[in-house]
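Chains: A, B, C and D, in written order; residue numbering restarts at 1 for each.
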Amino acid sequence: MVSLNARERMLRRAAADIVAGMTVNLGIGLPTKVLRYVPANLPVCLHSENGIAGVGAPVANSDADPDLIDAGGAYVSTIPGTSFFDSAVSFAIVRGGRLDLTMLGAFEVAGNGDLANWIIPGKFSPGAGGAIELAQKARKVAVITTHTDKNGRPKILSQCRLPLTASGCVHRIFTDMAVCDVTPEGLRLTEIAEGLSVADVLNVTEADLVLPEGPLPTF
Amino acid sequence: MAMLDKTTVMAEAIAQIPDGATVMLGGFGVPGTPFSLIKELVRQGQKDLTLIKNDANETGMGVDWLLQNGQVRKLVVSHIGLNANAVRMMNEGEIEVEFVPQGILAERIRVAGAGVMGFVTDIGMGTLMAKGKPEITVNGVTGILETALKADFALVHASQADTFGNLRFTASARNFNPLISMAARKTIAEVKSVTPLGGLAPDDVHTPGPFVDHVVVIPELLEVYGVVER
Amino acid sequence: MAMLDKTTVMAEAIAQIPDGATVMLGGFGVPGTPFSLIKELVRQGQKDLTLIKNDANETGMGVDWLLQNGQVRKLVVSHIGLNANAVRMMNEGEIEVEFVPQGILAERIRVAGAGVMGFVTDIGMGTLMAKGKPEITVNGVTGILETALKADFALVHASQADTFGNLRFTASARNFNPLISMAARKTIAEVKSVTPLGGLAPDDVHTPGPFVDHVVVIPELLEVYGVVER
Amino acid sequence: MVSLNARERMLRRAAADIVAGMTVNLGIGLPTKVLRYVPANLPVCLHSENGIAGVGAPVANSDADPDLIDAGGAYVSTIPGTSFFDSAVSFAIVRGGRLDLTMLGAFEVAGNGDLANWIIPGKFSPGAGGAIELAQKARKVAVITTHTDKNGRPKILSQCRLPLTASGCVHRIFTDMAVCDVTPEGLRLTEIAEGLSVADVLNVTEADLVLPEGPLPTF
């Protein structure tokens, strides 16, 4: 049902939301991979929780500076204009309203914008890191996730069952099947992966979806 | 990945400030005061301003230009003792003045920049400074609640910047400048020189570029920035 | 005027830490972790420690040496996901773990360093993180009270120091180090190199000397500080 | 009654309380003058509220760096080991317990350690600057003042009449006539200027003084 390159198209579609002048934080995993689809010369400042504005490309271990990792632990480089600072300043950028966009992974996301991505009681509780502040305080919060979990169960729910990272924080959800926006009217289906029907999406979405009047743009 | 060029013409940067705005100004005495940006604000004449700054400079200098031009409604400061004109205007009710202990002023600005709502401190307890402030008990000790101090605009004086707005300050001219850069919706920095990207080492940046919206290169330091003869 | 020489022998600096002490550790992952000071703390064997650090390093590294040696009573951290041993010890009740959102951890340490009792934030409202924390209303908006997080000792890793304890950090190894330096009764810094007074320009100091009590020059970087192969 | 060099001896006596390793803040006026009596090679870090640790000697206007003043507005120099920082860090040193000693001027000081030095209602109200935090949070607070005001009236009172800078904050008072310590038993006369009698001091002191059992050291 989902074409082989659906994941790549999701990442490319998410990357299109990163526009000139933004300061952006990309979560570990799928969100970090969005970078591959951001034009190299686009003026974007990549923020990392551990005290970097202007994160450069990842580097091979052989070229790594042991003092320079991103918040996911990957060795990275600088670009002209990079700055380093302490962790309090780093979260001042987040909480103070200077972070334009964050893209995060999700265990569960709900139609009302609730996000759960840090704890599965009894199974996975390593601490939230900086996720709560990113989710609560970035000017725009996007979730990037496969539409269903590895067992085929919906990840976009009518209500989160796991403890929340932040409530009502998510603005947009990118999946391998669809783009959905959290609106006052509910979760709106705004774009659909090429080759899929609306019914395909509805079949694996637990949350109610507000459907468009006309045809859906594809990605 | 690349970085945005934030260099801006001074008149355009300052023109964004509307009447009635709350404006933070860097500087402790002369060092770090954004005299050129203030001069442009005087030229443009925005009215009814609330200014947040450590002090009111001296009579005939900086903040006093705005006071004498009738542009100021309120000052939030730690000390105005070197500006007799500001003291007179306060005493005659021409301006409102809110005095804050210097380090509490710094901290109220810093927590605003950190996206925090307020903080609890015992500074000023039992003095006039605590009057009317709510009391909060933390682990059995009582303090007073100080609220975050935000602004619409911060006007900053830095010695060096790159085009992305990474800033460096010199000596005691740093003072409130890094703090106000973080606490305003928009931050405008006047700088003596701007370097291309890469001109400042990442470890040497005092104020990271994401906090700065506009970099204005000033053609020369105004005379007022020289050594003050007393 | 002159400046005190704070260079100290490592064993003597660490020997000041008693059983039951609360100890802050710098570092976010490997960068900035004071591995040499931790190793000495393992050698000396102080027990019943409360550690405050962003994370628990990885299994077999840094904080984990202390965990495996049975020296730790409690961790205050934002994340321990890379240390399976720490997760196991938590789950089996061998250690207590207090999780704090990363930026709130940083801010609780920073306000302790700033001599402030606590702060009010809306971070974590409506989640498990806010459970049991008092609510405070500031200008009509409700937040929760977060308390200052102090320590008896801070163990810091810096790249450069002068003999007075002015410190500089490198790249992402800065992280929590400047914050914990301010929040402890005594701060001990391990440094790769120490310069005579005057070797660091006053504008280039990241942590001012008054916050630092002891400067320990480490003969070489431990192997664990190298690039981690995953 | 007070010998011509009483002021100098007061300053010299106050300077003797500044010992190796201290971080010290000296208020504007008399306290700043204490510096003249501190040995040049004594390891002492002078703090200034506007963001300096390691304030150097004052400099003539002709040699001044316009970016480098102390909190009193005087042009100063650096020494090897000086650092600059922002105003929040500067007061973190004060409130965080890293300032070992401050010496301050006084309008009035009371036997219980109350200090008034920032406002004379209706006459002088320029704001407190950093005085409240220095008085409240330095580990040791000394007042340096003439024993009487210019009209000969006592400045050491049984109770301050002016609004307080901080209550119970003062540990020691240096005047041109005496050294007094605030103790749980009351204000104790601990040293006396050479050539004066205890009665001379009592005559111009409003606060009750706890007198020593034996003879008083002189300065």
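In this section, a residue touches a chain if its C-beta (ideal position, glycine included) is under 8 Å from a C-beta of that chain, and two chains touch if they have at least 3 such contacts.
The model shown is predicted, which means the values in this text are computed figures rather than measured ones.
The chain with its C-alpha centre at the largest distance from the centre of chain B is A. The greater number of contacting C-beta pairs, out of the two interfaces B-D and C-D, is seen for B-D. Centroids built from CA atoms put chain D at 30 Å from chain B. Rounded to a whole number, the gap between the C-alpha centres of chain B and chain C is 32 angstrom. If each chain is reduced to the centroid of its CA atoms, chain C and chain D end up 35 Å from each other.
Chain centres here are Cα averages; for chain A and chain D they lie 57 Å apart.
In chain D, the residues touching two or more other chains are 52, 78, 84-85, 88, 91, 94-95, 137.
Residue positions of chain B with contacts to 2 or more other chains are 107, 110, 114-116, 121-122, 169-171, 174, 202-203.
An unclassified topology is adopted by the chain contact network, corresponding to no line, ring, star or complete arrangement.
A list of each chain pair in contact follows: A-B, A-C, B-C, B-D, C-D. The residues of chain A lying in touch with chain C in their complex are 48-52, 61, 64-71, 73, 75, 78, 84-88, 90-91, 94-95, 119, 125-133, 136-137, 163-167. Interface of chain B with chain C (complex): residues 107, 110-111, 114-122, 136, 138-139, 141, 143, 145, 147-148, 168-171, 174, 202-204, 206.
Taken together, the chain C residues at the contact with chain D in this complex read 1-5, 112-116, 162-164, 166, 182-183, 185, 196-198, 200, 202-203, 205, 208-211.
Residues of chain A that touch chain B in their complex: 20-21, 23, 38, 40-47, 52-57, 78-85, 88-89, 91-99, 137.
Considering their complex, residues 28-32, 54, 77-82, 87, 97, 99, 101-107, 109-110, 121-124, 126-129, 159, 169-179, 225-230 of chain C touch chain A.
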